[in-house]
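So that you can tell them apart, the chains are marked A, B, C and D in the order they are listed, and the count of residues begins at 1 in each.
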């Protein structure tokens, strides 16, 4: 169950648990790690955008890596996107030294042309070292960098250390199809595609060629079940399961407050102690919390994992 | 059933039907107008972003207004957003002369500061005339202009001719609550809020204070039913209906190909003759069409309107 | 002196003169046309970004084209950039029917990837007709579309009707050098490069490979003299002339108020009757006007054209 | 000569000198510090956007602060802008502990509405501590955050620890006038305004109300002389000096390669050993270097500091 171009299943995007006073909640980090594994996740990604990475001190980032890598039996990927290559390199090297399976790199928001994007990843790979396996993150909605199919293909072709695409372009189903078509045509080597966007299109992505999901939805156990149903060819059952969760998935997929929803669900499921975020962070209003709880209650009638 | 600050229900965002050769499909315009009315819509909005307005010649825009206004028994709103005030003014005056109930104005994409936005709407109202009732469109995802609650409140306060907010900020539930709270506190006069975003949050927006929806989802008859259920206090039934449609609503809410999905559904429902768009426009791939049809088939088991 | 891939010299970006009441100032249009020709301009570009094109009614645009084309002995290029291809096509066809030499097309602001940009110009050429000679406008600062050298080269290669690049990337000197190097290497056919950016780098652009300028600086007679000095190999004299004008060129190159400066200078030179702009438009403050006048007075000591 | 709301003169934006192998060039840091002081600068700003701050390891940032603060007799301001408040806080506290006079904070690029911007600085001040004097950086061209006059005024009013505005909006002359008018009207407390933008408008900014410049132009000795001439009421002499430098100032004010020009000039003046930048960084082409040298040679005829 290593991190490779053949990786499948669900890589959980881990939240970073804090206590109400803003300090790192170390016991919850352990519980969260166990929870993701027990949910059937085949990997864990830490310090991603939803992991509040920029709010951490460098020493805290290292502490989290050490703790999760030390406890996890599945591969751990570390988000190392940074405004400069110095910080990216040192975090990547430290992460690999501590036993991470690889890193995840997103494009820096200023990039515009194909050439700029391709060059950026060239420099990033030079910075972290071409021996470090990595995940390419394609997330235009938040990062504001649009990578065409040919650019993704070029980056993957240029760097044999790029093993996986975290796909969260929106709309993105055709992108998966077109990338897989390039592979079929022999123009692109194998690589794994795990999908993000909170799982919003996970009812169709596997059939398009995705190998699974990399997202932080509060029910990773449902995500792994869903991927399993698709792998078993049970399309209708997969959709039934997905559709039951879609109202909550959709509610969580709100930029800004999505993380608050996610932490609230994880707290209600008993995984983390507090749903606190470090500043800046949006808290759920009382109304919003009631709405999430109503969705959970409705979901609980069909999926007992949500009957809290 | 006039257009006023008390307007409720569903204003359909009308697509503009074309034939495969790119010409206007006049008979379908009539059928579409009838369909929206028969679906219980309380208004129709034409020449909006999803109405392919920028692809129309000025003469074509006028022809569509004349046709829809002439046929509709419910108020017709005309989108008049334009890169310059000259075109905005002439379209608005022409629309009103032809019997439109009002116009819809979106901010021009270059606006950034609160002051710039507020001034822009001041100039827009001066251009179209302060006797023309209008809808303020708040759609950051596409227009790239972010209006805070205080800016929306200021624009509404400045212009008594602004009767309605087309709300499609995302996330946006708190925005509705905060605007209604300002009204309750007596700091803002009454105005209607109809929600867009393809209906993606219409299971909670009415309880937050929205008066209904202004969107072009292919099942306006479901939207009016939904608003009716909320009005009748049947919360659970409303959610049941909404949840059944959410997989399709979500699929349609993909920037770029959403319109293709919408036209495909309207064609399959027999309302328009062709799902053709004028260039530039994304067509559905064969796979995507099959996905939509699969969603329709699944939906058809619960809602006979989708059993096509 | 036709419009071709060999065009050289200065194409004036024409302002659109209005009277204080906002009406078109027809007599000033004639005077301005004569002024540009008498200044030695080899072409005139109308209805560009600085021509307040979006503030004009379609009928007014046509009237201006007819008037300028009818009076000018040099080629007239018409800006036809528009949010949709319908308006672009009809304006382009009308312009050509009235005797314009060609049109100018800028990318629409939403474009991001190389593929999107290249496709857009493909659709634009299809819309206006591949028999219409055109200028490709590359102006990232305002249009927010970044075209790499390879994209510009691809667009030019794809469309034999593209005869000229209006170059106003910033920084952009290397872009000119790289495009000309592609030509030298036989990878790109000949095309004209005229530079914009208000002339801010016109002291080096000709040596980099530019054929001249396309800009609306209030002293087109200086621009043509400058290009002549470079053509004659008088580098130092060219720089002396340029440096004397640079303080004013720089002052004019302020987004938003640049047009107000330009109109003020043209009014003071007796070319146009009023410096009025249509809304929205920034007027010069009294202080700003005094600053411009001070710069003109200083310039007048070295260049008698500025001694007003 | 402390850092206060009454600060005047020139704060040099310090480059960070590297050796060709990418290592920090410590001796050049000393020479640069001395050079700025000997040039009459009243302050030095380190780790700004042009100081390649994101390319530094945290330990390197601290080493530079220690070295410059230890050597400088004028106040040292430290740029602490960061994607997260944790890094901002720790760098700010470390800087103050080492003897910095204050910090500089720019808005994070995602901010859009007035409310978001005002809240951001509230959180930033909470993070660094309201006892830390700071400079508000207003630089829309690069940071993509537009602050209206009322927002700048609000931030300054909210935080008594904000002593200075680094003004580099473009166009920005009216902004200075309007801020000073607010002060005159008693609606805003005193604060210093130093201007950036490479000095591009420093021939008018002092008369508009600026207290001087904060920029890194390769001739800080000219900047201090210029501010002195304005202080002495010698307007024409100030413009003569400015105009002589404007061709080079303008050449340096090219986003992306500006820093390369600046380092080249500082190297030619014997201040730094190498013009190397860390990646990513644009180097000057041979042609560009020759252009800068030509500008220096022309400038050298009027200003012997440039006769190298």
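Throughout what follows, a contact is a pair of C-beta atoms (placed from the backbone, for glycine too) under 8 Å apart; a residue touches a chain by one contact, two chains touch by 3 or more.
Protein identities per chain, from UniProt: A, B, C, D = 4-hydroxy-tetrahydrodipicolinate synthase.
Since this is a predicted model, take the numbers as computed values, not measurements.
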Can you check whether subunit C and subunit D touch via the same residue numbers (shared by over half) or via different ones?
same
Relative orientation of copies subunit A and subunit B, as a Cα rotation angle in degrees, nearest 5
180
With contacts counted as defined, which of the two, A-D or A-C, has more C-beta pairs across the interface?
A-D
What is the distance in Å between the mean C-alpha positions of subunit C and subunit D?
33
Roughly how far is subunit A from subunit D, centre to centre by C-alpha average, rounded to an integer in Å?
39
Interchain centroid distance [CA atoms averaged], subunit A/subunit C, Å:
47
Two or more other chains are touched by the subunit C residues none
Give every residue of subunit B touching subunit D within the complex, in rising order.
112-116, 146-148, 150-151
So, in the complex, the side of subunit A touching subunit B is made of residues 170-171, 173-174, 177, 200-201, 203-204, 208, 239, 242-243, 246-247, 250, 254-257, 285, 287-288, 291, 298
Using the touch definition from the top, list the residues of subunit D that touch subunit A in their complex.
53-58, 60, 82-87, 90, 109, 119-120, 123, 126-127, 278-280
